[in-house]
């Protein structure tokens, strides 16, 4: 792929990513926000691809945008109009402070990156084609990161139980009564 | 000798303890008997000691006896010890002898008071304390006795504690004496640091070796104690008020013994005062000033006991004068004769008061010569002895002091001599004013109702029971003959005896003696004449109203001290309470606490419950943390 | 063929015991009939916690030398083992404490999640790289999120849950981003590898360190990352509050110590100061905030914030002595905390409403055992003698003084002074309110509801609180063996 | 072992009293019995104590926290044995008074009193800085409740002020203990050397100054002494305050010779100021307890003067005076309590004239009062004289202050005596108001008899307080 | 590697992280706050993947994969909570969830 094309794709993806991110934060309706997040996830997947993380890109789209966001949209739909909270509120000072804090944090991270720009971030390592492939990831998950893999599953299980407990508790109450 | 002295010391203590512990198990009369007998037992002990000492010679007459170590700290030790020497032997005899007579007298005088037991316990305590004072083998023990007589004095002045005046007078006496005790103690502290001991002969021997400043300070400290105890200027104001106590108390404590303790101290510690001649002269000067002041004030008093009290101050002034110029033997001699005749006067006055059911105002007395013939004689003897008419006791001792002043010469000597003579005139005047007012003239028109501090007594006792008469008689004899122990140009056994302990600095010649006597007796008689003339014409001795008022207010010393010390102290205490204690010390914590609580409230308000602020706090904190980490790098 | 890695099952056994208990309890929710569901679940959880404690004890015994397992995924050492023992015992106590808790259903789920949270913590303290660190943290956090909100019939419980999820998620994201930066600076995830990467002073590493620190400080409730604590503690079921205050703090503290010492030793001059400042801030904020509280759970929450400060003083010493002090202090602290919340729970169940200070009035006289116990816990937290609280503070201060942080000692002392005002206020309410006020307290009267399990918990906490004072040395020996497994 | 027994006996008694479901009289009586046993045990200890020998006696040492050098080390020196003796006697009287007065909730009350006894004895016996701190703080636990539950109307404020004040000092001391122990490598008093760190010294000194209390750290005193149950006030002023003196003598002076020397001027000035200040306030106090309380402040100033004279006379005097003040203050507070029980008030304006018809009360109060004002010949006089003589070495001004204190003491004590006993009966004194009952007399009389006995022989205490009767050397060599 | 350097990816990640943080701090709807949290986690993921590429080590990618699962778990619990609140009739507004305060 040509350099220019890569840049163009990058710009498009990065722009989409940031734009959709802003949309998530700024849109009034949670439904649209959720849709914006899907766009965000998709553009992130493109960036992952550019970073030689094919498997992750795929997972991002399938698992995240596919499964998680569907759940999200489902809940929003379930809640209907009740999901509409005022856009923002509270004291103006609080809003300003939030903006300032976010901006400051952002600027800081950028500065830190800038400090590292010259040496560390100059030249990325050479990687083989297998880098980021499902096989390589899978091997790691079965060797070095076996525990992480297992725990991830436990975390998901806990979350599932939690979701059930919280989401269905009321029905159960009714039963016991 | 030593055994007698110990017995003399402990017998009254045993009496006091016995009465206290027995409580209501013994009758009031038995309590009185216990007290009287133990005091006479003490006198017996003193006699034994005296006789044993008489049989010895020179240095053998002085003996220090230690029972045990009373107080010890580091290498500093103070024993419970007594010093038996000619001086203390004389004092023991006087204290226990006169004390015994007065306690005996009290048997009759106090009969009927519902707290007799307490009275006799206190009396015995006093006799013990006074004996401890005069027998003490070291200065700290002397101070102990010193303080304990003050305590006994407090207790007895305030004996009728339902009377506010008595309580106030007792407190005043105690506090004044506490001031003296404090300076005394300060003096001792200096001695401890210099000499590392307070044992009597030893510490006095060290006096010469001390630096001038130190010894002056020590002497000042002791003098402070002496002034307070002996009611000399400027610590004299308590004594007249002390007359709130029962009359025998006035006789024993505030005339015969305790108040003369200052003189004893001056004589006892004479090496220290001799090493600090300025202080010694100061003592003489203050004595002279007191004798004049007291004599003047006595001219205008109406209370029979107060007149005698002022005369006591005045007479002690003579003794101070004597001790101040180094005439130790005569100082003690006058102390002894004064003990006789002043006790006599008080006891006689007691008979009068007893007879009049507690009346003390001489304006409501008169013509008692007929009702109380024997008392009249006794009182007259006492008065004459006080004025110094020959051949009574006071004549010999007082004139010897004046002669010594003359003999010491110099500006000081002459000043003191003149003051003493003037005092003799005043003495004659006030003493006979009192005598005439009480025993001559017309009796008061109304028979007095019981009132006054001693109102408990039933009226019209006459001259009272035997227990009152015998002591008065004994003292009359002593007042008459006591002076013969030292007759100028003939013999001086008394002063010779005392000089073994305290060698006199001046020795008047026989000529000086007789000259002085002539002048003094003349002046005394002049005073008598003044008093008689004034009495006959119904006028007062002091005619100027301004002077009268000033003297009636005792020259405003009470008011002055009140304004100078008491009120500022009370105001300071009040101000500290209002301005420091309550607002600063007590409330500072409150304010600090309130401030902290307010801070806590502020913290709680920040914890607004708003989720977004929590995230905001985290974000800001992360920002700061990262910033610091990266920047500090 | 991918070679199967060798797994140290013993090191994992405490985790597995709890995980197993959690699973059994979860199955009970479905398979066991309603009437014995709670008993089975609670019994399983209790057994799991006790077993975990025993197994951790075995691990402690058999791990004199620290060992990195599975390419630094986790560490088997005495530090982890001791922390696991504490965590498991706290869990067991909480199971007993929660037995009589009012709850509409969800009993089995409650115990399953409790065991799961315990398993997460037990794993977390042995984490060996940034990934297991993050995952372990999320593991127990997610369990706790659910547990906090499990009483869905109480609005407070839900509100607490929501706050915990969102602020907790925010904190996790910060921790994660920091981990990413550290990974960026070094290219590795394992703690020892990070230390060996030689990236000290690198801006990326330091920014990452700061963010990791923030994320962990969030979990230990150190100011200014503490703000969720009072709300969540107040809203959560009381038994769970007890668990969080003792166990979460223990786990997070131990891991903070481990991460900082093993992964960032070269930057210790930075993080010690930072921890000192966080400690001071926690002390100030926690103690001042507690002054204004009426609700006892909330008051204890602030007290827990201030204790984060005391514990951080020990961590900030960055020395073996500090590690000892931390591990020692965690024992009496956990006991006092669990015990205090247990007494609150007892009162809560008696009165059937949230416990405020005035509803403590007269408790000391009516229920002497709980009264004395709460009294002792309060005194212990204030650092009075005859409780391990004194030695905890003493050791922490000693470590700080030894490390040259005399100022932290003074801050700690000042904070203790302020803390007296509210600890003693509790005692005051227990014993000293005048008669009329006593009657005003809504006393049910008669015998208290029988709750032997809770009484056992309180008794055990009392025993540990006092026992850790008398037998300080044996406990300190354990702590020092644990601290020795870190490369100070 | 004997020392440990002295500590354990009351604590065990406390547990027993708390645990046994006895009647009101039963538990109070049991507590009183334990307190008497404790006195007996102390007598045994004193009999076994060799006052001529040097060094620590009746000691026990057990390792406690080896890694930090903390040990359970207890034992007595002469001065601490005397202080402990005063403590057990006063506690017996106080517990007896509580038995007599019939305190509510007797099991809790007496258990706390006994626990306090144990803590106090442990404080006096402690030979390890941390153990000292532990015991010092342990005293606060019962005191807080004793004042807060059984105190007067404003007891809640009083108890909080008291605890916060004293804890402020104690916590500074904790910081100092930490610093001392860490720098020395051990907390044992016997095993550690001296330190020249002024800050550590200050930590200790401030704690003791608050506990004593010394001016101006006495903000807690007026309220606590007025609001506490009277026997607790007695214990506070008589005994608890002396733990500060023990601290000065055992820790602050010998362990910090240089800082103590440098700062002695400040402490002496504060002590002197406190002596005068307390005396003046006692003179203006409107109630009985106020007088006794502020006189306590003055006396603690005086004792501190003696301690910081750092001189044979001053040190011996301070110990003697500590014992004296313990007995005097306890007697006075108990008598105040008896008067208050009769009249329902301690307001001076409402009292008076109680001497007439109540000879026992009058005699006992008079004797106690006279000893309190240090009438010459009393043991208090001996103590004051030694202190005065000792502190003269630090400057004549201090001795002069002591002299002023003597005069002021006479003023306020006489005021107290007169206000109760003399002149007309006050509105609160009725004709039928009783004299002291035999039971009450039996509580106060032993204290007064002890005082009279000491007056006959103050050297008993003063010459046996320090090994070899050489305080300065003992401080430098044996205690340092 | 062609195209923009790793730094640029990181800048994007930082911006995304900031945006997410802003959302958490600004928005009142708990749903949108949850979405914003997802943004933050994804920003971290991007960082991890970028660094993985930089170092040529797959650890970062594995980590990112795990984070995805965690993010999903968080969402599940968050949504469960929101549903429970909605059923309980509580307002879906984080500002109104402030009865616990002080």
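Per-chain numbering from 1; labels A, B, C, D and E assigned in written order.
We adopt the following convention: contacts are C-beta pairs under 8 Å (C-beta built on N, C-alpha and C of every residue); 3 or more make two chains touch, one makes a residue touch a chain.
These figures come from a predicted structure and were not determined experimentally.
Undergrad: Provide the labels of all chains in contact with chain A and in contact with chain E.
TA: Common neighbours, chain A/chain E: B, C.
Undergrad: Which one of the chains is closest to the middle, using the mean of its C-alpha atoms?
TA: Per-chain C-alpha centroids ranked by distance to the global centroid put D first.
Undergrad: So, comparing C-alpha centroids, which chain is the farthest one from chain C?
TA: When every chain centre is compared against chain C, the largest gap points to B.
Undergrad: Hey, how far is the Cα centre of chain A from the one of chain D, in Å?
TA: Whole-Å distance between the two chain centres: 71.
Undergrad: Measuring from the mean C-alpha position of chain A to the mean C-alpha position of chain B, what distance in angstrom results?
TA: So the centroids are 102 Å from each other.
Undergrad: Using mean C-alpha positions as chain centres, tell me how far chain C is from chain E in Å, no decimals.
TA: 26
Undergrad: CA centre of chain B versus CA centre of chain C: separation in Å?
TA: Chain centroid spacing, chain B to chain C, equals 78 Å.
Undergrad: Give me the residue numbers in chain B that touch at least two other chains, ranges are fine.
TA: 593, 604, 607, 609-613, 615-616, 619-620, 622, 626, 630
Undergrad: Any chance you could list the residues of chain D touching two or more other chains?
TA: Only 164 qualify.
Undergrad: Would you pick out the residues of chain E that each touch at least 2 other chains?
TA: Each of 10, 17, 20-21, 24-26, 28, 30, 34, 50, 54-55, 59, 62-63, 66, 70, 73-74, 77, 80-82, 84, 87-88, 94-95, 97-102 in chain E touches at least two other chains.
Undergrad: Any two chains that touch count here, so list every such pair.
TA: Touching chain pairs, listed by label, come out as A-B, A-C, A-E, B-C, B-D, B-E, C-D, C-E.
Undergrad: So in the complex, which bits of chain A are touching chain C?
TA: Per the touch definition, chain A meets chain C at residues 108-109, 112-113, 115-116, 120, 139, 142-148, 151-152, 154-155, 158-159, 161-162, 164-166, 169-170, 172-173, 175-176.
Undergrad: Under the stated contact criterion, what part of chain B meets chain A in this complex?
TA: Touch list, chain B to chain A: 610, 612-613, 616, 619-620, 622-623, 626-627, 630.
Undergrad: If you look only at chain B, which of its residues touch chain E in the complex?
TA: Contact set of chain B toward chain E: 604-605, 607-612, 615-616, 619.
Undergrad: Using the touch definition from the top, list the residues of chain A that touch chain E in their complex.
TA: 1-3, 6-7, 9-10, 14, 17-18, 21-22, 24-25, 27, 30, 33-34, 37, 40-41, 44, 47-48, 50-53, 55-56, 59-60, 63-64, 67-68, 71-72, 75-76, 78-79, 82-90, 95, 97-99, 101-103, 105-106, 109-110, 113, 117, 120-122, 124-127, 131-132, 136-137, 140-141, 144-145, 148-149, 151-153, 155-156, 158-160, 162-167, 169-170
Undergrad: Using the touch definition from the top, list the residues of chain B that touch chain D in their complex.
TA: It comes out as residues 20, 23, 68-77, 118, 140, 143-148, 150-151, 154-155, 158, 161-164, 167, 170-171, 174-175, 178-179, 181-183, 185-186, 188-190, 192-193, 569-570, 572-574, 576-577, 580-581, 584-586, 588-589, 593.
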